[in-house]
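The next part holds the structures, each set out as structure tokens.
Across the two complexes that follow, chain A remains constant while its partner is chain B and subsequently chain C.
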Partner chain A sequence: MTLVAAMKGPAIDYAGLSPLFAVLAGSITVLLVGLFPGRAVQHALVPFLAGLSLAVATGLAVVHWQTGDLDPIIEGALAIDTLAYGISILCFVTGLATIVLGLRSTAVPETGSGEFHSLLLASIAGMVLLAGAEDLLTLFIGIELLSIPLYVMCGSEVRRATSLEAGLKYLVIGSIGSATLLYGLALLYGSAGSTEFGRIAAAADPGDPLFLTGIALAAGGLAFKASVAPFHQWTPDVYQGAPTEVTAFMAVATKAAAFAVLLRLFDHALASAQPDWGPALAALAVVTIVIGNVGAIRQRSLKRMLAWSGVAQAGYLLAGVVVGTRLGIQATAFYLAVYLLMNVGAFAVVIARERRSGTGDSLESIEGLGAASPWLAWPMTICMLSLAGFPATAGFFGKFYLIDAAVSGDYEWLGVAIVVGSMISLVYYLRVVAVMWMSPEQVELPSGPKRRLRPLKPVTGWSPEADARAQPEVTGVAILMAAATIFFGIVPQPLFDVARDVGSSIAGLG
Partner chain B sequence: MLTIHLSIVVFLPLASGLIAAFAPRAWARWIVLAGTLAVLGYAVAMIVDFDSGRPGLSYATDDEWIPELGIHYALGIDGLNLFLVALTALLWAISTLVAAFKDYERPRLFFFQLALAETAVLGAFCAQDLALFVAFFDLMLVPFYFLIGGWGEGQRVAATTKLVIYTLVGSLLMLAGAVALGVLSAPAGGEASFLLTDLEAASLPEGTQQWIFLLFAAAFLVKMPAFPLHGWMPDGYRATPLPVLVLFSGVVSKVGAYGFLRVVLPILPDGAQHFQELLLIIAVVSILYGSVLAFSQDDARLVVGYSSIAQLGFITLGIFALDPKGAQGALLQMINHGLVTAGLFFIIAVLAARAGGSELLSRMGGIAYRAPVLAGLFLVVALATLAMPGSANFVAELLILFGVLEDKLVYGILAGAGVALAAVYMIRFYQRAMHHRVGTGVDSRDVRGVELVAIASVVVVIIGLGVYPQLVVERSERATVAKVRPAEQVADRGGEAVAAPAPAASGPAPGAGGVPGSRGGQPVPVGPDGQPIPVGPDGQPIPVGPDGQPVPVGPDGQPVPVPPQPGQAP
Partner chain C sequence: MNVDLGILIDPLSVFMALVVSGVSFLIHVYSTSYMASDRGYARFFAYLNFFVFSMLLLVLAGNFVLLTVGWAFVGAASYLLISFWYRRETATQAGIKAFVMNVIGDLGLVLAAFLLFNETGALDYAGVFGATQDTFTENDGTLVAACLLLLVGAVAKSAQLPLHTWLADAMEGPTPVSALIHAATMVTAGVYLIARCHPLFEQAPAAADVAAIVGTVTMVYAASVALVVTDLKRVIAYSTMSQIGYMVLGVSAFAYGAGLFHLMTHAFFKALLFMGAGSVIGAMGGVQSMDRMGGFRRALPFTFVTFTIGALALASFPLFAGFFSKDEILAFSINRGGLYAVLGVIGYLAAAVTAFYAFRMVFRVFFGDEVPEARAAASGHVEHHAPENPSTGEAEDTEVGFPGPEHHYAERSLGMRAAMAPLALLAVVGGVLSIPGVTDTLEHFLEPTFEDSAFIEAEAMPSEGAELAGLAVGGLMAFAGIGLAYLLYLSRPGATLELRDRFAAVHRFLFNKWYFDELYDRLFVAPSAAFGRFGRTVVESALIQGVLIGGPSGLVRAGATLARGVQSGYLRAYALLLLFGLGGLALYFLIAAS
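Let's turn to the complex of A and B:
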């Protein structure tokens, strides 16, 4: 009888878990529905159901939004605070955008619509776990659930060698990252005697070499996921090889989830060792900023350029983690939201041009775009200016907030490093703008009137030629993201409010 | 007092630009022109309505914009920016008018960018919050990037990229400086605020002020441009379409100088005092370098371009004299320079049209006889540029030199040479373009139509200011003096602090270092009677009036309005 008492299962907060359930349920449903043949099911119903589950998950996260440092649920394994929900919502929104961008993709039918969307939702479920991880085990399960579907999705254009190469490369390097992380987590457990973040924080002994080695290895493993230099080498190749809608998803959602867990692990579980890891992470941030920005200068491929720029942006974001303050968390969350808008917008334009121009994702594909189709050129321009940190775009406040956090956290030089990185970045961001607006139009659009988008027509077949006709949904995503970038550049208060809520989720920070 | 909403003034151009962007193609130019004219009307109303005796800001707006960061949406007008706003409105209206009569590809985009640029510049001039100022300051670059890159001449993309990178490097450094300023000025445990008045009230340690000063100086000196940071200028000026160049050279370059007066001197007085010599050296070198190069150019644009470097050197000199007279002269000179540059560039456009499209001086010449109106207008502008007595430029340069000569005799003398050099290059420019032998292929028509309107309206304002410079001097005096006061006091205190510990060693003896009232090159403040300025019990110098009597100090520590300064109204 005593055995029965000891076996009492943990209390499960189903309401708090509901966003995760919505995504997982969606993943399974979509996989099963995808088994049915027929165009209506494959091209309409499956994406719709996947989108619906993400929309429901977003709604549930908003409903259960509760500020403050909440107790984690499931025996301290998973947090359902604003940091977890905030980052989850970013992942849901990115997922929705990915579904829309993938409506005419070649990757989706090649993998099978059901499989593709099921993998996407599973990966998002991994991100939700990761964003809420309050336990080393949850963290690792989250990382793996996030990564494994992504490996497959990267290689989902099975008839294109570079896509397969990207998948394989990501698998190999991602596995190394996971192994490093796992080793680090094991050492942390060995030193602290517990896998729970709260207990690690309490038992942490900054003088323990085991503990410090664990921190270093865990940081390295997570740096792989967040593409922080010098663990970034896979990024350009994988970003370029993967189907572009997958790249967009990977660039934004993976980074958001990785930074959520970096924030929670470093600023909560390992906060007492901040004097030890702070300077080391700060050095990584500077290296990342420099390498990312310098690497981007040489690129002629837009996807590679955005990959390198993503590395640089990871460096900026790391500044918010380094300072280990509430302001740092808020600035990081703010920047992640802005980062979503700018990058999804930019990738949407790349997708639109890639399918039309016949020159892939090279800079030539957007030459003269300003005159040819301003509805694509403006979003791209706005996203580039925002990435460069111009005022009247959300990117300006993102940088402002990060510098503010760095200076307040006594890392003035890190603020200057962000600024210096931004200077270098102007070279390649402005080149994109110059190519669109300041060079004569050389790319012949394959068909259709130049200035007007054709109305949405049912697409016949999945040939690239048919894709070239009309893709208003891609343009729509680009315009929506650019409009939001401008809106939050002028009225940033809503985002600041959310960021403040997110900042309240970890108590005891300065 | 009139109710004028500055937000309307600032955003009216942008609104007109947005309407134009979606209006029929042929209407775009007229819609934007109407917007700029409305702003001009507002600006004139403000000058008429402005009460020069009123302390603080007029037409002020102050709303919380981002409480998290302490950023306010604060706009306001005082004597410092009143005429710069007016200059902006005037030149934008004229330039838009000139541009409206030209054919540009994609006119809606062109005029939208022009309008956006006006909003950004007006915003930078009116902003009373540092973060807002930085935002508008950086925003200015976007439209100019498009305007130069999209509608420029020659190597336009390379030139515009160079220009933007140069200026943005400065701007981003300023962004870091601004954030640091806001965060470090926050009272312990209190909320940060970027309001300029709050930042002025906080006093930062001297070391902090120094590095932040350098970040700001980098931004402003690039924008002007000043001597070692002018690398973007020749290519940029050559590539920019002329109506845009008028704005870029006439107005945008002033934002940098204005930033020194609005932000740097009141908030970073210790930094300004510490680097005073450096800035004075930069100013003098800019004057000499700009003058000499202006003399040796064949490209008419670059004559004006290099002369701008020299003129802005003068403005920097006046500001960093850290003396009310110098600052007032600098402010007046900003207006003057904006006007004469605009006049000169419009004239260059007319000349080029008569010289087969070439802007080279060697291709021009000999049209004064057939084009007397043009010659007359050009002569007025040229004489104003070289600061002929009777022009407002003369008054301004005199004030600047007064300000400098008082404490920094050597710089004053060197800068005085610059005045003479201005005569050399301007007269050369005028002779080559108007007299001399008639150039081959030169068509000597007189100026007429919209170009006549543009040049004549600039000339009318130049003459008007020459007759009545007090219009600017009176209205700007109060604000300018208040902005310079903190740095001036630091400079005075610095001198006292050096002198006080060892009065016997060298003392403020006249004759030491060869300059009366200076010691080892370091100035010692002396009253008008040659006596050191008395120091109050708090170490603050007691301001002394011209009569040698202490000036009463108001409750805010600011001296109660000083009676007219000597040399202020020559």
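Let's turn to the complex of A and C:
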């Protein structure tokens, strides 16, 4: 008689997981391909393969797009609903933009093209996990898979001290955040007796101090990732130190994933305790809006300014989480998409200028940009106006949606805070616009021959003719993002429809 | 309520459209030469054509709404063109002055339209005028109010007292602008308005009386000021106000044909005078003061002949265009008797003054000793002065918005001659359209518009004998005025200086234009400016900037400094804050739990 130890493995929905697999496969492939030397491989093939895997993943996510509150797969560990896919697609698109922006970066060859892209894809895989986490363990694995490659990427410009400092700072503070989060998750498990979100929601006891302390610590840990004040202090330092394409990636994709998991954890697993955590998160949101906007005012560095602005935007986004309604989820998802467009666009311009101007990412680098290269100045202008929430840009509808969610969720004062914050934000957004269009060019223009047979390749320094053409891919990204910002600012309906789909992924909300 | 984009084509609007487009055409031709070296050449013609469009809209409008649009548009065009040389501070201020005064007029027009709409329920001319007889009794209070408000519009646009001060300052604009807008077309819009609204005024004779008095007073006032002003263009500008006074008297006395006839002949000879003045100013290298002119007869023969023709027409010298048109107004006015007879007699006296100042210009500019500029022009060169503001004598910024370095005058510019010659011809023969007892082409043409008028019947018209007598008196007045000018300026040079010294007070009073500007400064400008200063220092600086803006922005600034201070860059500091944050969060939840 033979004893057959039957071990029943979990049923795996490969189709649903396919976007994740595509990214992971891409990560491993580029790491291996990157071992081959040669310019073509390093500069063309590796980025191409990385981009391809992201494109495939995006395609797969679109194909498997299915609205409604779907049952999580893998024994309830991972959701493959529209919230997960929607946020994943945002991360994929950001990843693609990062690859394009990094084509001429110094960070990529210094790390090794294969390694850099592999880390990027691994981090995106972590985001996919995080966006779909329906289980405390998945959540934590996602956070770590997201974070660890990012620590490395931040320090990837190894010959620049600030880059290393950024990586180290991010690592240390990130570890504190992770530890806090893990502690909080442990307490939640202890209180609810399960790691699955569905069961936590069922077993939640809002009067239990253990449970509430768990929420507080988990909120703190996640707030750290989303750069919500007062857990935001790493943001300006790290954003400024990291290679700019990494900063762009961090600013957009990390935030998207962090808010996805905030939405899922608070609006699903902890929904019953909303009256308890609502006011606390709302208070955090207001503090974040104020600190972010006020902190941005005195910045001379564009990257630091965008970092503080990112903090402020996190405060706005938190409003969508606080209310715990379907409208809140929709507004958050909508804003995250808009946030991608305007931030990637702005960072693209910063990258273009920082490689050319010789003044790094300081405000001086864009002085007189309007006259010198309007193809960069216009996207920057549009992105700044959109960040400030001007009508006819997508940012306007984003803020409008969030305020709508806050007001209909009985947090009118949060709506007021968003408006006041936006008013303050005009100070630093419009300054960028003013500097570009209204100050004289700092750089002496070389008086070259009037007619040339073909444009000279810029060797060093900066020339107005070469500027726009020198980095067509960076300019292209900036223009594309700005165009999309304007497009969705005038025709927001497609994005509204997607946001509505995303809102359907968590059932039982008001 | 529904307002059409209605256009009204009747003899009156066709007549106006013909005068406007005809004179505009000649002035465009003139401008191609006169403005040739101006840096704002394209801008000039853009504005000029915008004006023509607006003016045609004004005269062709079929209802009060469209009329108001055209009315406001010509005001805007006038503003743009007066301030055309925008580097001249005096020019921009003149533009603002004209615009403000015109807006007062626009307001009157809009309020009048509102009153009429309120009473008759219509805004189109046919509807309003058709309902006038049934809605209003004679001299109905509302109707008189509406007519007076219309009069406010007319007075502002036509530079009649008391809204007249802008026109003399409007001479800051380029000379073709003065010729077109501030002599021939726009300023006569008030006359057109009264003629167009004649059913209203006939039903409200009280308002018509007011209009007639305003016209007469302006006529006398402007003629008196024109006696002493030394700026060549300003003399013509005051003459324009005076002549429009005649027209207003004419149409208010319900002598529509005569008033519009004078409008037409005035357009010819006044545009001609301005063009001649432009030519002289060109030869003077931009100087406009008659004190510095003299003896241009030989240097500028063409300008001399055409300008003199214009002056003769203005002086209503027998057989010139102005002779017939002016006398027709006065004959009709006297024929109506009563108040109008008095006004008519005053008109004859003013005619003598007109003749005097017209030839004061001719004698001072073209006769007497040749000035250096005249000698230079005679040899085919233009004396170029350092650019200076003709009204203040200050040196000027020549960057942009300033006439170009070249000066043009008729003797050397075909375009200018091509525009002046036809006008000179018209100023001579324009009168044939309506010679008493011989022709009445214009009256006949306009008749359909005014057939509803009670004053078009034959019995309202002065008899032929009366008209001829009027012509004789008018001719005498012209001779008297010209003769006096000849005596004072040519046969006894220096006599005017003696007169000026003997009647210094009178001269000062006239030279300061009866102190209207000073009066308005005291009455309106100074209080407004004081209020504005109060608003700026107290409301704006202290309250808004200091408290409302300064408070929150100071708070934000302090916050920004604080945020930078906290952002030390040290990990341990960050970790500490993190700890505080976590502690706070945890504390909140624990308190919430209990």
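Note that in this section the second predicted complex is superposed on the first by the 478 of 510 C-alpha atoms of A that agree within 3 Å, B and C clash if a C-alpha of one lies under 4 Å from a C-alpha of the other, contacts with A are read in each partner's own complex, and residues count from 1 in each chain.
One rule holds for everything that comes next: a residue touches a chain if its C-beta (ideal position, glycine included) is under 8 Å from a C-beta of that chain, and two chains touch if they have at least 3 such contacts.
Everything numeric here is computed off the predicted structure, so don't read it as measured data.
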| item | value |
| --- | --- |
| Simultaneous placement of chain C and chain B on chain A, clash or fit | clash |
| Chain B versus chain C as contact partner of A:S272, first or second or both or neither | neither |
| Partner chain in contact with A:E412 - chain B first, chain C second, else both or neither | first |
| First, second, both or neither for A:D208, with chain B first and chain C second | second |
| First, second, both or neither for A:I176, with chain B first and chain C second | second |
| Touched partner set for A:W234, first chain B, second chain C, both or neither | second |
| Touching partner for A:A219 - first (chain B), second (chain C), both, neither | second |
| Touching partner for A:R298 - first (chain B), second (chain C), both, neither | second |
| Touching partner for A:T359 - first (chain B), second (chain C), both, neither | neither |
| First (chain B), second (chain C), both or neither touched by A:V427 | both |
| Chain B clash site on chain C (candidates 385-393, 439-447, 493-501 or 547-555) | 385-393 |
| Overlap of chain C and chain B interfaces on chain A (superposed complexes) | 427 |
| Chain A-facing residues of chain B, complex | 65-69, 106, 109, 131, 134-136, 138-139, 141-142, 145-146, 149-150, 156-157, 160-161, 164-165, 168-169, 172-173, 175-176, 179-180, 182-184, 192 |
| Of all residues in chain A, those that touch chain B in their complex | 330, 370-371, 385, 389-392, 396-397, 399-401, 403-404, 407-408, 412, 415-416, 418-420, 422-423, 426-427, 430-431, 433-434, 437-439, 492-493, 496, 499-500 |
| Complex contact set, residues of chain C against chain A | 556-557, 559-564, 566-567, 569, 571, 573-575, 577-578, 580-582, 585-586, 588-590, 592-594 |
| In the complex with chain C, residue positions of chain A that touch it | 169, 172-173, 176-177, 180, 206-209, 212-213, 215-217, 219-220, 223-224, 229-231, 233-234, 236-237, 276-277, 280, 283-284, 290-291, 294-295, 297-298, 424, 427 |
